């Protein structure tokens, strides 16, 4: 008999967020529509949940309020292999990452006008999506994982479309929905094949399973699963939707999509490839379809590595001459996903730690970048790179903040973006062998990506604007037209980006030990 | 060694830079004070305990404390600084150039705060590069030089500055990351988990020759672009032509030296096997750079472009001196880097002054400037003569050592750089003939005024080392010899 | 039970999936796309049910195949509901349910 | 101490000279400094004469790299020092005496010019460097000052910088000598490297870099007496000397260098700097040694240049240029002397030549100063208005032509007799010795052609020229002093204590001592007769103010044209330099901009094109996106099931 209260306390962060979502909808029904209130609820809830997660991770000053029953964190794989969920340090780290995204987007959206239709819906859906994301991070069962992803997906379909009168957002939602649904089909089909092959959908059980009767089912199943999940991660060529959706969606939603929900796909990758890659299992010979025996583990690495290189290269190439800032950021987001895939392809704990930091860095920088885009759009400045000319001189703080985000994305030192890439590529080199070439590909790509980031910097700082001086709605919002919430969110991100760029040690240690626990889950 | 003078130096530069950014029009005083403090600190380094205390063949020593910065089971990054003779001489160069640039651009009125701040940041990065003893720290400073220079070129530069800034940034950044990958491969393939220089220098030379060679290629490319080595040099002329004068001075005087320093400290000392294995390639690149830089310079009409190509030529000689892998060669390479630093600094200053004074740098449309601007003419003369290797000026002992070492290593191949010296003389003489001699041409109608005081003072700061160390190179040689090159075969 | 062997059954599911994918690729009407996607979901659900009944190996799952099927059907329904909402909005704003005519966002 | 005085003069004049109200102040400082140097030099020379067989060497470390294993086992040390020995004392005498007199002369000659502080500063710097060169105790230091005198020469040739011809002559001089210089440097490398790698332990420190007596046997021992390396090193040195001393084929710059003030021509381009090449050859032959092939080359260059330059002097209409060709020709004699083993003979000729050639230049300078032209065909009849100058020029001419007892006779005749002796041993020398004899005739002819054209006749041919007059005492005193030297310098050879200066300490090998013993009266007679014939020819053609015109269709016209065009050497060098190298440079520049940088841009453009092509795949139609997803699925299948296993197996299981 399950102790219900104990269960609730185990899932305290999820419960807090879900309760906040209900509260937001309730307030809407009650007619409390002030954005500050709903945004406050949303931000406070995510901050509270974040506190619990950090506490559960055992980080020093917060560990006093830890709610996770002892023994549940990083428990034995045997116990995880019979459960729907399992608490891993890495999962908690990811929860931390997700909640940061939710918090930042909530904070920034506080500046949104209360009169705007659907504003409470926005926060409700944001929190609902966050609940799904949190569940992804504790999933132990493939079906649990897919359903958690589905919660997020459905919430975000609606989130994109919440501004119901906007043609562009509806088109974005339509594309997002169709490709998302197709991917769901592929994932579930893959899951069903794996279920057939192993008789279970528990990922730990699959990872620990002895030889399977049907290698063919396993490989085909994983192929479908990979294709289905690649949608979320925006792996090339499963990426095409992302650009249109990030472009068409409201700016804050884009921030949340690129900075937040995309990352659940990556954690899903970690879980799904726990067996084939991370545990270096299945070094035994596979011979499906009479192909002759081969070692499945390196083949999986090869697939992931190839997709990683493809993704980062195509993402960068496509971004090169992009004229619209949002689409440029979208392509950049795709290429960044390529770097993160490297971590999974390698599968060592350093690589996972590096990828995790890269994911966190990307959450910060990409969220920040889209928030700045939103702020600039709110100032009445157009979406093209050319429209941004001279912005850095007119609004130095906004300019410097955006420059920091871009330099971080480009991997220039003293930003967290550099540290994460440094650790990730170091891990690739540390793994030796042909992973060094993954590092080389990544490094060259990140160096080439400087081109399009620097192009924006050039426009912002070295060129003069030719637009009329006064922004239309300056003064309507606080913080010099940005709104206090948005300004605060951008400032927080900028500070953290630099702070972690200078002193990443403690955070990296947490991620490293989490990654170590994660890959040591196997026997 | 009780006083962490290196950290103090870096900190003072950082504080100065930060203060400059917010100081607005008073930034120049902040910058001057910072530069003077920096000079004093450099002097302290020379006078301090550790100049002579170095043992030959040792890892550079410096601030006693090292701080653990990133500590993972598989990756340790330290904050560790140290200097030896090579670093000291190049830090001295940084001090001279920094002071000269700040004085020269005293009247910069276009956003002086960021201007002086970025210059101080460049100095900070350079000192960091010359003293970092950890791969990551080295790379951080390396890039920390790049970003300010990007803004200096892009914001204060000439008409095509945006293009030049972008090209500079991307070109050198690509090279930097390739270099970083090479160093990381070295760390991890040598079974080390620490990025510390001492760990690296102890283990890396024992790696298999194939690994060393591959890494050396990466490093050669990484550092070679900074040099710049032909054919990876085309960013340089554009960057120089478009950069503001102060930017050009630092670019040629300092940034190119980072490549040379890197190749010595982080290249051939770490992978001697790979270096020797691929030495023919280095020779070819060196000869190519020497010849190409000089011959192309002959065809230039823009004064800055001409000096830029002559830099390629001179840095080619540095590369050659490194390629000969002898103690004399390395000594000469470092000495030549110092020499080229101050000389090209001076030459870019005079190019800048020619531009402000006459409104053009086109050699074909200028002439006979001596009567109107005798000081400028004298400086052009000193710069050109020093650059073409006139004895008693600072380049001569360095070039002499470099070419002598070349002869010892490869005998008559030395004739290639030697004969190119004639071409080098030819283009400098051509430049002097166009500018200084002949009837006045292309001068402003009301007659040009000779240079303002601060431009003169900036140049004077550089003439001091040009003459002093030209007459007494032994002062520098004694310092440089306190370094691993003494133990170099 | 029936005369279907595992390969035959898998062939059936695969055919359904292929049909679904074919539909997604060739149809332009949003409604038809929704139907095609539902067919694909059913292929997966069929698999779960079949493998639950005739396991290849003796794994023990926290969820039985039948349970998975039921839950999945529920979720698929939710998804379709959202999809229909989007169709309505799309039709209202653009006057069409043809997805190929919604190309404001591209390149 | 000797170079210090002019150095101080240089520093003081260059820093504060422009503030002084009158340019002459700087001039007087320079004169005093040069005079001081001269006095000290004379004392030094007297000291050497008084104590034969001593030398003093004081050196300081300039640059020290401690020893290391490998290429430089003994470390690497460069020194700067002074070596005072007989030959440097002799050379010092030449440099300071001529230097002092020319400085003095300049006060009068230059007083009309602007930029006097610059002039005196540069001249003082030159004197400093030249004294430094003479006193150098090693090749590196020698080279250092060698370059410094070169650059002073550059500035002084270009003194009239507004004149484009002066500017380009200066550049030409620098570049042509630079070719020699770099080869010289290569020669230094050979010697240094030999010491560095196989010298005695501590060799750098002890004597490796010195012009130490006894080095020649050491080098011969290490490298093998006639080794290839030693030969090549010697040839490099010869090339360096040929550049500085304007020997064939690097002779082209000296005539053009006459663009500078005449005083500069007298000091630098006649008496001292150009003689540095000869001095270099002399010290090299004494201290380092030449091989027989080197000597043959030296003889060939010297002998040929002697004649070759004299032919060009025959037709030239410019008074200074004629003297310049004469300088080249006389330097050829000195080089020849060294080639035939008489280094000291060469130095002796250098000694006498310095005085009479400076005299000729200063006399010519007087003329130019007086009437403002250098064109011989505009002059004439100046004997009447410029008696002193006319006499001085005559003395110089006689000394140059080699008429006894004037200076040139003793030294030149020694060389010729030594050459004949050497040719008897080496038949290959004969053609060059014959050319040297032929040059004696030409020399006498061309210098008297100049004298007749300038001074004889009744009046100036070009009436538009101003009336001639003698310069002030500052110009006359040097003329008189140099005339005296031109007469007596040759006779010094009979002074026993002076002879000790011509017999360097410890050298037995290279010693044909220049003691004129009249053993070979027949040879002397031949040369005097040849010279007399030359003078006679000159008188026949030009004497008494006549102007000789070639017949319109004379066969000699093309020859004259050839000579006037300097055998087209300058044209050829210009073609190589301007068209050849500059074209190469322009082609390289094109390649640099459009091929190398073009590749960089091409890469950028190609990426842009790919980017554009790829971007078109983003059609906006969601069905296409779905198709990409399916394609991706297929890609995963292919890699996972076909390519992957193949690759992994090929790599041996990853």
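Here the chain labels run A, B, C and D in written order, and each chain numbers its own residues starting at 1.
Rule of thumb we're sticking to: contacts are C-beta pairs under 8 Å (C-beta built on N, C-alpha and C of every residue); 3 or more make two chains touch, one makes a residue touch a chain.
Since the model is a prediction, treat every value here as computed from it, not as a measurement.
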Task: Chain pair with more C-beta contacts, A-B versus A-C - done: A-C
Open item on the list: Which chain has its C-alpha centroid farthest away from the centroid of chain A?
Closed with: D
Task: Chain nearest the overall C-alpha centroid of the shown protein atoms - done: B
Task: Whole-Å gap between the CA centroids of chain A and chain C - done: 26
Open item on the list: I'd like to verify one number: the distance from the centre of chain A to the centre of chain B, where each centre is the average of its C-alpha atoms, in whole angstrom.
Closed with: 43
Open item on the list: Measuring centre to centre with CA averages, how many angstrom lie between chain C and chain D?
Closed with: 95
Open item on the list: Centroid from C-alpha atoms only, then distance chain B to chain C, rounded to Å. What do you get?
Closed with: 65
TODO: Provide the list of chain D residues touching at least two other chains, using ranges where the numbers run on.
DONE: 615, 618, 620, 622, 626
Open item on the list: Quick check: what residues of chain A touch more than one other chain, meaning two or more?
Closed with: 174-175, 178, 182, 186, 243-244, 448
Task: In chain C, residues with contacts to at least two other chains - done: 21, 24, 99, 102-107
Task: Which chain pairs touch, all of them - done: A-B, A-C, A-D, B-D, C-D
Task: chain D - residues contacting chain A, complex - done: 607-608, 610-612, 614-615, 617-618, 620, 622, 624-626, 628-629, 631-633, 635-637, 639-645, 647-649, 651, 653-654
Open item on the list: Considering only the defined contacts, which chain D positions touch chain B in the complex?
Closed with: 18, 61-66, 68-72, 76, 78, 140, 143-145, 147-148, 151, 154, 158, 161-164, 166-168, 170-171, 174-175, 178-179, 182-183, 185-186, 188-190, 192-193, 196-197, 577, 581-582, 584-586, 588-589, 592, 596-597, 599-600
- [ ] Name, in rising order, each residue of chain B that touches chain A in their complex.
- [x] 68-75, 136, 139-140, 143-144, 147, 150-151, 154-155, 161-162, 165-166, 169-170, 173-174, 176-178, 180-181, 184-185, 187-189
Task: chain C partner contacts - residues on chain A that touch it in the complex - done: 82-84, 141, 143, 147, 150, 154, 157-158, 161, 164-168, 170-175, 177-178, 181-182, 184-186, 188-189, 191-193, 195-202, 205, 209, 212-214, 217, 243-244, 247-248, 327
Task: Complex contacts: residues of chain A adjacent to chain B - done: 350, 353, 407, 411-414, 418, 422-423, 425-427, 429-430, 432, 436, 439-440, 443-444, 446-448, 450-451, 454-455, 458, 461-463, 503-505, 508-509, 512, 516
